[in-house]
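Each of the next two complexes has subunit A plus one other chain: subunit B in the first, subunit C in the second.
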Partner chain A sequence: MPLSLNYLTKRIVWIFLVIIGVVVFSYTAIIISPGDPAVKWAGNPRGPNASLAIELARKELGLDKPPLIQVLKFVADVFTGNIGLSIAYKIPVFEVILRRLVATLELLLISYLIAIPLGVFLGIESALHRNGKLDTFLQSLGTVLANTPTFWVGAWLFLTLILLGAYPYGRVDPKIATATGFHPITGFYLIDALVEGNLIVFVNILSKIISPAIAIAIYPIGVLVRLTRALVSDALLEDYIRASVAWGVSRSVIIWRYALKAITPGLVQVIGLAFSYSLVDAMAVEYVVFGREGLGSLLIDSLNYGDFRLAVGLIIIVAVFYLLVNTLTDIIQALIDPKVRL
Partner chain B sequence: MSAVISDSRKSPNSSVKGLYQNLTRRYLRRTKFKIGLVITLVVLVLALVSPWVVPYPDEGAGYVPPEASQREKEPPSLRFFFGTDTRGRDLFSRVIMGVRSAVIQITTVISLSLLIGLLAGVLAAYFKGVVEIILNYLVELFISIPAVIIALVLRLALGPGLMTVIASLVTTWWSWYARITYVYARSVMEMDYVTLARLSGLSPLKIMTRHVMRNVLTPVLVQAVTDMGSVLLEASTINFLGLGLPLNSPEWGVIMLEGLSVLEIAPWISAYPGFFLLVTALGFSLVGDTLREEIDPRLRRRWRLWF
Partner chain C sequence: MSVFAKNFLIEEISEIVFEFSDEDRVFLTSLSLLSSSGESILLSLHTQLKQVYLFFRSSREEIFKSSVITSCGDIGVRRSVFLVVSIFLVVLIATGFIAYYHVWGPQTIKQRVVVYAYNDRITGIDPSVEDDTGLVIIGLVYEQLLHYNPLTKELKPALAVAWNSSEDGTEWVFRLREGVVFHDGTLLNATAVKLSIERARDVYRETGRGAGYIWDAVTDIEVLDEYTVKIKLEYPQRLDLLVAAAYAAYIFSPKALLSSGASSYLDKKLEEWFNGGNEAGTGPYTIEYYRPDSEVRLRKFDKWWGWSLVNNSQAPDYVIIKILPDPQSQYNGLISGEIDIASSVPRDYVSLLLSKGFRTYNLTTYHNYLMFFNVRRYPTNITGFRKAIACSLNLDEAVRLAMKGFALKGSGIIPHGFPGFTEGLYYQCGLSEARQYLNESGVQTPVRIEILYQVDYEETRIFAEALQSRLRDLNIELVLNPQPWSQLKEIAKGVWENPENTPHLVVAEWWPTIPSPYDYLYTMFHSDSKEWNYAGYENEEFEDFIDRAWELEGTNYSGALSLYREAQEILFNDVAGINLWDEVRPFIYNTRVELLPECMNPLYMYVIYFQYVRVGA
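And now, the complex of A and B:
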């Protein structure tokens, strides 16, 4: 096992440090921005009980104490998982977020299931025809795709589906779900439907997830086409490839076994990075365009309700998500690349 | 994550001057660069002159004239090249005026991030110890938060406006430049000429600017050019989600959000700004890509499949 306890400890400490940093950052943003922080924290309340809510917010933020103590108290609150109820949802913030995170994660995983094989395949084809017409075409396509706004593609796909008479809105058709008695268990609807053996709902969920997933896959496909080509081009110049050719190993084995194996560490690293970027794309597409529940809907709700707690929760969860993806990338890399030790 | 940068084998010795000397000789022969350059120049010129070339500059800026209510969501025609938007304004004017806000967002974000990043990177490489640890912590911290989420927090704190977009983007982007600068600067610090300069009693400020900064500038600048497209896309995502500029502003993300609600009736409202966004981002990355290939000989190597 190339994984050391030292590395894991470091990562865990690091995650704690980042959470503290994020909390201090958002706290500072609330406190130093113009206007009364307590009013903002309470979500600009109106009505007869407004002053009560503001008083409560003042106490929660610890505005009556010195700034350093305030921040420390705030950090402590976050670590005890107690930053209060979401104003928009009236349930604890982290509970709201974790439920939606699963939905977004499902979407992201599906889109990478599309993007990785397609991008890598096209990239390898491109490298094999280097400087030829196919290569020029694929590389231009890759550049265009990597610069395409995800929400624009999403809007086009949505429009196409609507014009075709489909109804791509939401995660699952509520009528079909209730008619067949679909109960989400894990929150990954596709897995839930399969576990329950509910094929009708499974197909329905799949048909709804596929178009946002394609929109999100556009960016990683573009990146992978270009990256794979560069990596394969380098890998094919290595001595062991030359040796394999001399040994008479068949071309397809050389390319799809040896070269692919050699480029995997490089791919994993960039896929990890792109996956984190795609989270933002997913948030832009899933709710605003496709009306799916997820982190995107939380973002909009947090904005509409002036829900600061939700925003702070989101920023923490997303930062931790980035770090976890990062750690996972490192670990995968250590497992497949003997040169890497953690 | 740090391996992304440390993996790059570029040597920081290609000078800024060389980059410009080769401009006419090598770059202009490449189609990729030509396309990118043309797009970039057109965008820059449009950003300067847009209020004077569009047919309805007031509507472009967000004003809704009284007679506009009779021409809401009109399809593209000779009078309104791109049709009209949900409130009857000329979409062509709005989209072209959007070039300016795109350029403003890109240039402010990139230049501020570059400034902070270069400074932080060089400082961290020069003063080892506490400064290095703190700066690296900040870099790693802000690299792991997407600008969109920061925009949400800042939007709730500061309200809508250009300030929110720029502040949230700079908060994340500076860390990339700080990291690249730091990696390059550290290798420059190992060079004999820096040791000599230090031994000969040159002040830290002079060593940092004259020896370190100058030698790391080229790769970081090239990276910045490549990033301009990404910055634009990210800024538009923030605006598209309603986290940035107010809903009336001529900005591509904002216009697309407006068009989204009437997607089936008036698809052109979302279509044109998105297309402009794509082309502009593409132009910047084409230019950046060519520059990067030219300063990194590894990417330019002749290559031919030999089996």
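And now, the complex of A and C:
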């Protein structure tokens, strides 16, 4: 077993420490910023008792307590899983975040379903044509893609599609979803549509997710083209590859079985890092450009509404997401690379 | 051949030959030692193996450069075929999906579904407590006893069919409509009315939340029989108007207590139950799917009592309220056909959309934008200085520039069409009069003042910049301070505690809860209303006028309206605040739907009464 109890314990402790750090930092930052969440929590009260409503709301939110007590109480609430209701929407914070997280994850997964095969394939092609014209072109392309701002690509894709008469806005056409009785269960709309056997909605969701997914995939494609090329180039000069060639092993087996297997640990590490990074890309693109619900719009909303519960909850989720992806990457690497022990 | 040479050759052979064993080494050594022919065999073996090895070495780089193994040319061909077939299959599957979608997609939409793009998140749907954007849902799911149209001054029966009051206006009796079914299947009765009104009132009394202050005068609600309710008031009021209020006047089923597990109607569980997407109304639509941040889906309630009266066989089966705060998105949605009605397209695009065949319903709303003067800080504490600023304003230009013409120039504080509106109460002066007022005020120029406005409203930014430009002519420097709404409110209400640190001018907006001028005048200019009186204005005469008018409404409505007009004149002369404009909201819709005048009512902001909307197939 490549995983040790020591590693897992360390990681869990680390996650706890990060959550505490994130809560303390973000809560403090939000609370000391201008604006009174109590006004929103009280529902922008009117009438002669408006001040009473705000006062009670402040007590209810615990904002009347000293900042240190507030922070400690919030940390305790986080670990008991009870952040409470969103100030803006009056529904449980984790319910809102989970729904949006699933939406963002669906987009990220589709992006990486595009990015990984394409990036790796192009990277291998580049390595196989080292120093040739195709290699030069693919390496230049990789550099450009890895450095192009995602929102810029997203905006261009969106505008182009709008000019072509398509409307890649939102997650699903509400009319079609309603008329076909689409009722999401998991929140992963593509899976839900497939489970329900609702092909019309499935195609509609696919048509809306594909453009933002391409926009987000741009960065990992660029990174993977360059990285795969470098890793495969090295792998092809290894003795066991040369021996395989000498023994007449077929080309496809050498590349896709031997070389790819050798570079997989390195690729997994980089994909893990890129995946975490792409979360930020997704948050920037999904709502601002494509009007999709997700973590991005939630962050904007929470700040606009002074919804500190939602904002802190969101920051915790993002931090934990980073840690989990990195941990998962380590575990996968340990499982596939016998040299790695955790 | 020397022994050293022989050993060297054997060593090289051992490196080239895979699995060269010690036995092989002994054999070759013995062979070379036995005879000269043995030496020749060793030499020949070494030469041939070395040639193969060198050939391999020299070819290796070439082999890798040309796709690893050029000898496997057949695999390259097979790869190309595989790629072409894969691409062909992907294209074929995609084409199949698209064809299926386009052929069968439209056919699946047999029901009448309307998508209404609304520009704000839903802040809650508790019928007794919510007093913000939730109205857009509540207005379709719940009903009041009466419905009021301020334009025609007409009160229409809703859940009540008859009503009357005592002569002194302190006792009101409402006769309820029989056979009205709540969405939970129970029947409307007087107890439900009593419970609904008492909850709104008591939540407000206990916590200050919601708009339950409209029931402030209610002392007792008596259930006379199953369908009759008597409401007793502490002082006379136009209760027939209050029961038609936009907020806190909705009737819900008492069964909601049971469903929510609440112990009493003041139990927080009930509010959480409502805000979780549950409802217990009698309205023409029920909530099927509630996502306050993105989408709310309403389904036609077939047992609604009003369908026979409305007689609209083309009313939508489903109404989707799509939350789209971005005007550009609403425009795109209209163009693509995914949205049928848009509440907030960019004003610049309205004529373009009309030229594309879309239609518009321009609703003159009671949503107005006001500019408050901080009357507690120098130099805006000087009336002459405030008059100078008022004269420098060009409201016609402001409406044209900031609202692209979609507004009516403000007159008095009360908006057009609302009870108490006063025509001609705006400053008819220009820059020359402004200079005169400025000189008389004694304020030395250059002087610097600050204006606070909401950062995400383009219209207020344009207005502030235009005002900045005009005040420059008076040698007044206007500093712009745009803030998000929550910050704006926090800063603006500081006028009472810390006026010196509160901006001199604040631009804010208002829309009413009840159809009374008191809603505007009390909330924004009464000294008891410190949460919303951003001017820090305090005038006993003004407060006496509006308080008397409020009490007079129940017995002498026209007399009350006169008092409200006089109160507005006081504000006008004191220049505590200026109503800049009353918004005209263009609701753009496509040819699939038809919006009749009954669909809109400015008192119930943004609610579209979909029972009157006709939807084409």
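Please note the rule applied: the second predicted complex is superposed on the first by the 297 of 342 C-alpha atoms of A that agree within 3 Å, B and C clash if a C-alpha of one lies under 4 Å from a C-alpha of the other, contacts with A are read in each partner's own complex, and residues count from 1 in each chain.
Simple rule for what comes next: a residue touches a chain if its C-beta (ideal position, glycine included) is under 8 Å from a C-beta of that chain, and two chains touch if they have at least 3 such contacts.
Predicted model only: the values in this text are computed from it and were never measured.
Trainee: Thinking of the overlay built on chain A, is A:E293 touched by subunit B (first), by subunit C (second), by both, or by neither?
Mentor: After superposing on A, A:E293 lies in contact with subunit C but is clear of subunit B.
Trainee: Report for A:L128: first if it touches subunit B alone, second if subunit C alone, otherwise both or neither.
Mentor: both
Trainee: Looking at A:R257 after the superposition, I want to know if it touches subunit B, subunit C, both of them or none. Which is it: first, second, both, neither?
Mentor: neither
Trainee: Pick one for A:I162: touches subunit B only (first), subunit C only (second), both, or neither.
Mentor: So A:I162 meets both subunit B and subunit C here.
Trainee: Counting only touches as set out at the top, which of subunit B and subunit C does A:K59 meet: first, second, both, neither?
Mentor: neither
Trainee: Taking the superposition on A as described, I'd like to know which of subunit B and subunit C A:K10 touches: first, second, both or neither.
Mentor: Neither subunit B nor subunit C is touched by A:K10.
Trainee: A:A230 in the overlay: touching subunit B, subunit C, both, or neither? Say first, second, both or neither.
Mentor: first
Trainee: Classify the contacts of A:N49 with the two partner chains as first (subunit B alone), second (subunit C alone), both, or neither.
Mentor: The second partner, subunit C, only.
Trainee: Should A:F151 be classified as contacting the first partner (subunit B), the second (subunit C), both, or neither?
Mentor: first
Trainee: Show which residues of subunit A both subunit B and subunit C reach, each in its own complex.
Mentor: Touching subunit B and subunit C on subunit A: residues 34, 40, 128, 130-131, 162, 236-237, 245, 251, 254, 303, 306.
Trainee: Subunit C touches which residues of subunit A in the complex?
Mentor: Going by the criterion above, the answer is residues 34-37, 39-40, 42-57, 85, 88-91, 96, 99, 128-132, 162, 165-167, 169-170, 173-176, 178-180, 183, 199-200, 203-204, 206-207, 236-237, 242, 245-246, 250-252, 254-255, 291, 293, 297-298, 301, 303-306.
Trainee: Over in the complex, which subunit C residues touch subunit A? Could you list them?
Mentor: The touching residues are 56, 60, 63-65, 67-69, 72, 75-76, 79, 97-98, 100-101, 104-105, 108-111, 113, 115, 121-124, 129-132, 204-205, 207-211, 213, 271-272, 275-277, 289, 291-295, 297, 318, 320, 322, 324, 326, 329, 332-333, 335-338, 456, 483-487, 489-491, 513, 523, 528-532.
Trainee: Okay, in this complex, where on subunit B does subunit A touch?
Mentor: 1, 3-4, 137-138, 140-141, 144-150, 152-158, 229, 233-234, 236-237, 240-243, 256-257, 259-260, 263-264, 267, 270-271, 274-275, 277-278, 281-282, 285-286, 289, 299, 303-305, 307
Trainee: Enumerate the contact residues on subunit A facing subunit B in the complex.
Mentor: Interface residues on the subunit A side: 14, 17-18, 21-22, 25-26, 29-30, 33-34, 40, 128, 130-131, 143-144, 146-152, 155-156, 158-159, 162-163, 230, 233, 236-237, 245, 251, 254, 269-270, 273, 276-277, 279-281, 283-284, 288-289, 296, 299-300, 302-303, 306-308, 311-312, 314-315, 318-319, 322-323, 326, 329-330.
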